[in-house]
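Read from first to last, the chains carry the letters A, B, C, D, E and F; within each, the first residue is number 1.
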């Protein structure tokens, strides 16, 4: 029942597949919790919805 | 001011209406906090953005 | 695999038990997703960590 | 590394720009943490995905 | 009904009071949504529960 | 600026260290985003604050 939430940019389905596999494998190995208990949620954010250093990513370069 | 966040699949507006009503009614009754204080956020996720057991939902069957 | 996150005040274990049961029952019935797929996370927040209307709950009355 | 998550309605890019700037400036000044460490995520929600007082925003008037 | 979630370090009650006031004032002014509709949640995280650049904050210097 | 949020059980500092390292390494490799841009937040939840299948973890066996 652990829940892993990933907030990042737009991704391809293959990148999502690899993220879910890698995060679940790593977390299973480190915590000993069985693979089937993990939920991973992938959130894709537009560059105008993310800010760092007080500035939108969409406004950088 | 309690906040209930629901992460699930695509839903019809009628399903959303019922979720908001049921969650708020139940939480009001159990906590004694007035109905008007509750915020419910519904997040609809595509099957390629959810992973369980190390696999995307979009890749199952 | 839906995830329900509840942000509220301190609760007794019996209130938590009832919240988890009510939310899961309602969501199962409305969405048709089996009960075992639901994860509920309960977050208990101190009154000095919640603000409404620009003011901490801890500062009200 | 603080993370500020804003859940609200649809916004213009100019509103987003101002939110990111204001939140980061205020948080830097209050906490003393340098501006570059802050991440702001803006989540735009449809009126049928937000409920208050047990009712969808989309159903109000 | 917008919800602002702040994930950061341990804070004094006075810092929390100022964060809630500043965030709410800025968001009200930028969005036009009335002050009473805003909820702010402050989450205080220990240094061993935050990682940046692949390393726990607790392990830096 | 991607943010990874892990909701799970109580963990040792060594487990946290390994989670942060593994998640960041995997996400860097899969997305191509530099390591320094990643923030990982680890949330430790008590067994009475997590429900699955309509039941608190604290009430199982």
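Simple rule for what comes next: a residue touches a chain if its C-beta (ideal position, glycine included) is under 8 Å from a C-beta of that chain, and two chains touch if they have at least 3 such contacts.
Computed from a predicted model, the values in this text were never measured in an experiment.
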- Query: Of the pairs given as C-E, B-E or D-E, which one copies E-F, with over half of its contacts the same by residue number?
  - Reply: C-E
- Go through B-E and C-F and name the pair with more C-beta contacts between its chains. C-F
- Is it true that over half of the residue numbers where chain D touches chain E are used by both copies, so same, or is it different? same
- Message: Need the CA-centroid distance for the pair chain B / chain D, whole Å please.
- Response: 20
- Query: In angstrom, rounded to a whole number, how far apart do the mean CA points of chain B and chain C lie?
  - Reply: 11
- Query: How many Å are there between the centre of chain D and the centre of chain F, using C-alpha atoms for each centre?
  - Reply: 23
- Multi-partner residues of chain D (at least 2 other chains): 1, 3, 7, 19, 23, 39, 41, 50, 52
- What are all the chain pairs that meet the touch criterion? A-B, A-C, A-D, A-F, B-C, B-D, B-E, C-E, C-F, D-E, D-F, E-F
- Note: in the complex, chain D contacts chain B through residues 7, 45, 48-56, 58-59
- Contact set on chain D toward chain A in their complex: 13, 16-17, 19-21, 23-25, 28, 35-36, 38-44
- Footprint of chain E on chain B - complex, ascending: 1, 3, 39, 41
- Task: Under the touch definition given earlier, write down the residues of chain F that touch chain A in their complex.
- Result: 1-9, 11, 15, 18-19, 22-23, 26-27, 30-31, 33, 50, 52, 57
